[in-house]
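Right after this note come the structures.
Heads up, the next two complexes both have chain A, just with different partners, chain B and then chain C.
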Partner chain A sequence: MTALLQHPGYDEERLKGVAEKLPCREVQAGMLLSLMGQPHQYSYPSIFIYGHRASGKSHVMHVLMKELELSHATVSCVECVSIALLFEQVLLSFFGCDAASLLPRSPSLSDFVRVYRQQCSQSPAKQTRYIVMEKAELLRDTDASLLSALLRLQELVEDNVTVILLSEIAWDKFRPNTGCFEPLLLHFPDYSKSELQQILSQNVHPSYSAGFYSAYINILLGVFYSVCRDLRELRHLAALNFSKFCEPLAEGKVKETDTHKLWKHIEPHLKKAMQTVYLREVSSLQWEQMQQMEEEEAGALRGLSAHTHVELPYYSKFLLIAAYLASYNPARTDKRFFLKHHGKIRKTNFLKKNEKTSNHLLGPKPFPLDRLLAIFYSVVDSRVAPTASIFSQISSLVTLQLLAQVSHDDQLDAPKYKCAVSLDFICAIARTVNFDIVKYLYDFL
Partner chain B sequence: MLKLTCFPTFSHFAVDSHIIMSKRKARDAHLPVGECIKQVQQILRERFCERRLPDRLEGVEAQYKHLLELLRRTAIHGESNSVLIVGPRGAGKTTLLQCVLRDLQKEEKVQKNLLQVHLNGLLQTDDRIALKEITRQLHLENVVGDKVFGSFAENLAFLLEALKKGNRSSSCPVLFVLDEFDLFAHHKNQTLLYNLFDVSQSAQAPIAVVGVTCRLDVLELLEKRVKSRFSHRQIHLLSSLNFTQYLERVWTQLSLPDSFPDKKFAQEWNAGVKTLCEDKSVEEVLQRHFNSSKDFRSLHMLLMLCLSRVSVAKPTIKPADLLEASRMCFADTTANMLHGLSILELCLVIAMKHLNDVYEGEPFNLQMVHNEFKKFLHRKSNSMYNFEQPVVMKAFEHLQQLELIRPVDGSSAKVQREYQLMRLTLDHSQIMEALQKYPQCPTDIKQWAMSAFG
Partner chain C sequence: MATSSVSKGCFVFKPSAKKKKKTLSLESYFVQGCEDAESSEIRFRLCQELWDEIKTDTEVLQDELNRTILDSLLDFTRKCSSTRQNSDWTSQMRASEIPTAALMLGVNVPDHDMTFQSLSDMLKQSVSPHVASVQAKECGALKHLMKKVLERLMDTVVVVDDEDEEENVETSPRVHRSMHCSLGILCDWYTARTKKSPTGTPGKKRSSQVRDEQQQPPVVIIFKDLEAFNPRVLQDFILICSQYIDRLPLTFIFGIATSPSTIQHMLPHSVSSLLCIELFQSLSCTQHLATVIDKLILASRIHFKLNGKVMQVLIGVFLYHDFSVRNFIKGLQLALLEHFHSQPLSVLCCKKKQALFNVTQLSKPNLDRIRQLPSFKRYVEKQEAQEQVNLMTDDSHLKEVCQQLIKDLHKYHKNYYPILRCLHTLTSSLPRYPLGKQIRELYLICLAKNVWENEDYQSAMKLVKMLAKGEMVSLLQKCVEILQLSKSKKMKNALVQLEELLAKFKQLDTATEMTPTVEASIPSPIKNLQKKTDLFQLQKTLLEMNESRRAKRLSPFENLRNEALEFIDNLVKSHLSPPESQPLYEVCYYSSSATVRRHLNATPRTSIQAALSNPYYYLQNDSLKSEDGTVSNTAPDICIAYKLHLECGRLINLYDWLEAYSTVVSAAEGNDQDSENFGKVDEVKHARFIRAVSALEFLGFIKSTKQKTDHVARLTWGGC
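After this line comes the complex of A and B, so read on.
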């Protein structure tokens, strides 16, 4: 706290307000403030702040800028699909809308710097201006010179301006290959378990005591901490499951202090939440409804991924089965599986188990169309003519993304495909046509 | 942070200055400490952000003289010249040029005569934009209200006409400064460079073209016709300073000028800086920085970090500040990111490391990583980390978002997510170091990571 309160040039009352709003981030905010210096002094041209998701990067910047009333432009690089939007936003928040309208239709960096300089000479900076760019990793995908230019913007526009980049990715992955002006690197460390506990315990439910709520947070962290350290996600989960935690209390079965019983009640529930809500299988709304329905077990509702059953025409099913077999079986075993009189194939030769990894580990292999059709004719019982409808079914399987075309689209003769469905899915399909697919899979012999 | 401990010195200092002030009856103004610190911050910050040019250049006197002489010949005698300033980043190329221009401007004849055009390869990304910028900076007649009329071809023709009409004696010399010169060489047909060098070769209006670049092989980028028109005059700014000079540089960068309002404070500050530079531990730190890079910009960054720790309560730079700043500069960014991973993500990273060891850097997919992880769990018969496949996949995707793993080929749409081939971008030592620093890392996981081949 004290570190924050001693920055000359800023209003002390406001600094106090800042400190209150930034729990567990006083050190970082203090360091940032001392780097920024007093409002009228020059700050370093560019500062790069990195840290994990939800480690308070944007929040700290936002609170500092808002509370201390510094002149700033906050730009999210996700929103700026073209650099014109970025320039517009910066000019808008520094000089008002007149400046933004001075930009030509599709502005280049040169136009931006020209307009900026022009405006700047009319209203010179009394304080440092800050440009905060969130999700800065997207800047790499835009114009190659944009990032380099932003890093040395202070020199280019000759104004007291500092660019602050926020990102989840380390700076090493940003550096252009001809080099650039190196920014000051600042790391926002992740919250430790006790810090998470402290922050999450802040939003206490008004009708319960603080100790009770923090016991709940403790249990929640015990289940989720090894998987998820994202503060936002944890906060969301805490809010969702709290009503379930209070249930035995409302029924009058246990007292607030009886943590063990409360833990026994909530723990399986939280474990179930990890498989459903955490993966967004079940939406938060559905989860809340499920909690209210007493008789129905949580998770009994089918989630998103349970809806894998797809209704397909008869031949399409067999085509898909054939594609799966072609993808996951080596071609040399086709004779053994699909020919009635396959002659002599020695068993030892056939079961070459020196292949260490199974195909279900390596993923599907590409196969030519001929092989697909050959397997298809041998697995389907009746005689099927190779009509246009069969071929159109293959291409419609590709558009459904059940098959993937590996070769180029324009190749008409001997195109290659890959099967893109999972084992569970194909087993379900095979069951509907009474086909025992496991018997034909090389991996499961 | 550290402030309370230093408080006594501050009060002592304040009293001290107060006494002296009354003694000397304020002959030269003594400012309160807060004001002094403010001034110090102001001056040094401007210096480190390179907002103020140094009065005198050190170590590049020969280059300075060469460039000054060259530009003077253009400005006064009307010779056309072209020159390239080449040097690594942060070596002081722009500073050299700016100093030369500043000193050139002091001569009255030059001041009236010379026109300057500054272009930057980062901003003027193609010739059309560059041409617009040139017309604008030269204030040519067809520029009305900052709008340029006419097409590219017209514009170029007009500009060339204007330059061609001139001759050595009558017309005004123009200085073209091309920052990030190598980027101009990537323009289509190098039209701009060709025309500029062509004018400088033929007896037309006197122009000087100064290119500033950090690429040593910049001449290889030029087309033959452009290259033949260039004078092949290069000024290299390769830093040849040794460690004592480096230390001296630190000292000059940190010390206050004579013009500082409070003389007493400036003296004490300078003395403090001197003792700082003589400190053994400081010398060690600086040696380390010197060994990693000789450029001044990284030095400025280090000093800026030190300066930010100076406050009213602590009005000097202590060796501890420098040590702390150096620690910040040398922090391993990837290790910092690994520190924040969850246990599950860390386990996946270890599994990937084992896969890399066994299959000698072959790419892997999620299935293989999960299989490796399951083998570990099976061996340990520990159900604590028995997560479902989708949870593992979420962790895997988070690693991909952090760019700790990278897909082998870009065509992600065609392959299922669990079969997409990936490569690990971390090396062995980074993982082991992160594991040592990881807070409350379970022992069995540590052992698993240590064991060779999973």
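After this line comes the complex of A and C, so read on.
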């Protein structure tokens, strides 16, 4: 395998070290190396690497840069809340503190290029410099020219510099509509099952044999591979559940080689993990504590989504109910629901074509404040004065994200809202105030 | 103010220094417009004292209530920081998650501030000096969030370090200047901080664990209102933090008002997998209110009281509108201020000794005020003729009587609350809660009228009569515990009697063991009972059963139970009479529920309508006074326009409106009805009319419409 990583520009021993640290990514690493060429050669101006989460993009870059001792700057785009930060970090890692402080207070791209060229003329590059940008998809949100400029930075600064963009999104989604320099594309495919097995098996627990651990990983992958291919998550899950796997061994019930028994022991446990800790319903800390507890006690621990009950003030409940009704009933039907002598209107009579589909499938519709209040006053059983606190409750419901304001914040006149709660939630709320909401919903007529 | 400028423009006039208003002290605000200025100083002092007492009490209460949850949170942060430093296989393999506490606080957002304040204080004291709390409204973008976090974390340290580390103070401004708000900077700062703190030699391995814990205090970031945060900002922030987690021991605390599933709504799996979330449930706000009422309202220690209606308003605002305990206490404060401000006799609303002294100091007008009090009048009427005359004429005699009455009032309170609590323990677990589940409901009933005349009370007593022995004894035992806390003589007597009763119940145990056949002799209704599942039916049969059984023969237990009930009933009758029955109750009870309601639960629309239809109400100008709801034609233009528009339908013809308006205004100007100019529209009237109409449009009564030319649409309905 190491034969793949051969390059005239680099030390053989080092390449060997790199290959060892990059299992199952030799092809990609080799490709990168040949793109980079020998250290002193000019490299291609920009390379774009994409692949799913935890497919080894950053890891490969990191190992290559570190092991081969290349001059580089690694920048995570999510961290760069302003471009200034990005520029600063690049200059800092290439030329040191002094260069970074040369940047003006809110630097533009040309400031950066100027400072870079100035510094570059003082300390010209003997070998290629690399700028590695992680989570490059966030560059799309910044100034449009930034991405195009970075792609041909080599020309702009007239230095031997290569920009490497790492992203989870394909290049097609990046291309600005003004057109730009096309980087070289490199795809990191997902790890296959056997590759995952190979990588995960490397982290053997020091007190167990490699074969035993590999058997464990095999079982783990059998359960989780269908839902999760994220190496980081899998490694995390492996760590969390390993102690449970070893339990029968510690009790002396089975031998290390008796895989079937071990499988029987761990399989239900892993299934449960898939529903709880993998979804972060239960935190990993709680999961570890649960393993030490008895089975019955562990059942008592409820996940995050189990707590859905929300205690609300009385009128807030009715406001929410009114909002739900306004969101899911067509406005024309209000008469039928809230007027005393509405006459007998059958559902079929005022069915319009597009209303035949369930409103619940279409999602909540926006409604104006007037309609909300009108429904509220007819729904609530006692007479309510239109006090300031009723109105402030509406805005607190918005901050609690139970209602959503559709119109712009600045629009004071007739604001529009949407109800953002589910049917189950509103039914639970309605039950606490003895209000039969289903009777008022057009869909359930 | 005049200018010499010829051109039009906007001019700024700075107020001249001498004209600056003198800022008034609290006291002078209080004294201003206060009735009976003489005693106002004393009243202000009393009010202040009482409020201070209430305030400290609530703070202590809040701390106590939050103690358990805060303690578990503190444990959580400590635990997290300690597990992080383990270096065994599992922790190496595990993805490094940011420990996160999801703190469920309920929807009463105004109350959260206090909780977070004490939480961050406690964290700073016992876990880590690095605590920053952020609010959603100050963090619209990631940049701002980052800035706030850095500022709060690093600034606090600068302040703390002032004494011992000069260096740090000097370096921090430099950091600030070049700061681009990245966590990297925070990280460097943190390592610098932790390295600097002097500790023992780092050679020994055994002590290193302990030292690490001290040396690496977690950095806690509190998100006060998670729901209000922009999800995007939060996600990015968490992503960034997760990259630094191995260097910077971060811990998050999320304050959640609704339900924990919000986290899942806000954060995608890729982000929430970076967190290790543990849930903490805080006390519900209704429980919180119950304790506040228990400690502040149902205490004879605090002499200021609310009458039933005011209580009702405050509790109504809480239950119907905001669930906020803080607002409840604010309401209490308002009532307190109003009481001392508006009631001159509130000088007597204080501790007994002081009150007795204040009685002797009462001025002549105040004594007359006492004579005017309805409760005192009622008291006088009950006295003999000679005594009546004495009370109405002799001031010194009145003072003596007042002293006695004040003493009685204090005694009344001392007995009232223990008995109330006893009654509550007896009735709070009955089926269907005839007297309410919470003590506040019972208290409201008792405040309103004689509780024993209430139907619910009678049905509750019937239900108590059906209690089994075990329950009865345990309830009475609880009552004994309540009475034990009381120090008054009457309560001690009651306690003795109750204990005797209890002892009898216990003797019964041994007695019934000897004659066990008594219970078994009436099996027939019980058979019936098994078929019925309806609660009402059950109650009925049980009642019947009880009646029939009593008709037959009372077992010794039943006899005793009746005796106990009678005893309780007597206690209730003698001590739980409503405060209105007590002479001089006005001294302690605040009763203006309308004022409280107006201040706490404002009705902007009703006020606007009142102002427009009855301008006298606000302007207090005699010429505006009018009967039967009409508006005089001298009223402001907008009132006239409003009045006229009430007479119209959904669409209003502007020209007709203008005509009508000008007729009314002409009449006001005193023009002769027959003259040619009467009701004619001149430029001034036109302008005034347009101004009134646009004001009405601004207030939301009308809006322009395209349905008909020269018309506006009415937005309200109903006429005059």
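We take it that the second predicted complex is superposed on the first by the 366 of 445 C-alpha atoms of A that agree within 3 Å, B and C clash if a C-alpha of one lies under 4 Å from a C-alpha of the other, contacts with A are read in each partner's own complex, and residues count from 1 in each chain.
In this section, contacts are C-beta pairs under 8 Å (C-beta built on N, C-alpha and C of every residue); 3 or more make two chains touch, one makes a residue touch a chain.
Please read these numbers as outputs of a predicted model, since none were measured by experiment.
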{"item": "Partner chain(s) touched by A:203 [first = chain B, second = chain C, both, neither]", "value": "second"}
{"item": "Contacts of A:389 with chain B and chain C, given as first, second, both or neither", "value": "second"}
{"item": "Contacts of A:223 with chain B and chain C, given as first, second, both or neither", "value": "neither"}
{"item": "First (chain B), second (chain C), both or neither touched by A:88", "value": "second"}
{"item": "Which superposed partner A:279 touches (first chain B, second chain C, both, neither)", "value": "both"}
{"item": "First, second, both or neither for A:290, with chain B first and chain C second", "value": "neither"}
{"item": "Chain C versus chain B, contacts on chain A by residue", "value": "B"}
{"item": "Which superposed partner A:308 touches (first chain B, second chain C, both, neither)", "value": "second"}
{"item": "Chain A residues contacted in one complex by chain B, in the other by chain C", "value": "279, 305"}
{"item": "Of all residues in chain C, those that touch chain A in their complex", "value": "79-80, 83, 89-90, 93-95, 97, 99-100, 102, 104, 106-107, 109, 141-143, 146, 178, 180-184, 225, 227-228, 236, 239-240, 243, 257-265, 269-270, 272-273, 275-279, 281, 284-286, 317-323, 601-606"}
{"item": "Chain B - residues contacting chain A, complex", "value": "1, 3-4, 34, 37-38, 41-42, 45-46, 48-51, 89, 94, 120-125, 129, 132-133, 136, 182-183, 214-215, 297-298, 301, 304-305, 308-309, 311-313, 328-329, 331, 333-334, 336-337, 339-344, 365, 367-368, 371, 384-385, 387-388, 390-391, 394-395, 401-403, 414-416, 418-419, 439"}
{"item": "Chain A residues within the chain C interface of the complex", "value": "53, 76, 78-79, 81-82, 84-85, 88, 101, 135, 203, 205-206, 232-233, 235-236, 238-240, 242-243, 279-280, 283-286, 304-305, 307-316, 385-390, 393, 396, 399-402"}
{"item": "Sites on chain A touched by chain B in the complex", "value": "2-3, 6-9, 27, 30-31, 34-35, 37-38, 41-45, 50-52, 55, 108-110, 113-114, 143, 145, 148-149, 152, 154-156, 168-173, 178-182, 184-185, 187, 189-190, 192, 225-229, 274-275, 278-279, 281, 305, 357, 360-364, 404-406, 418, 420, 422"}
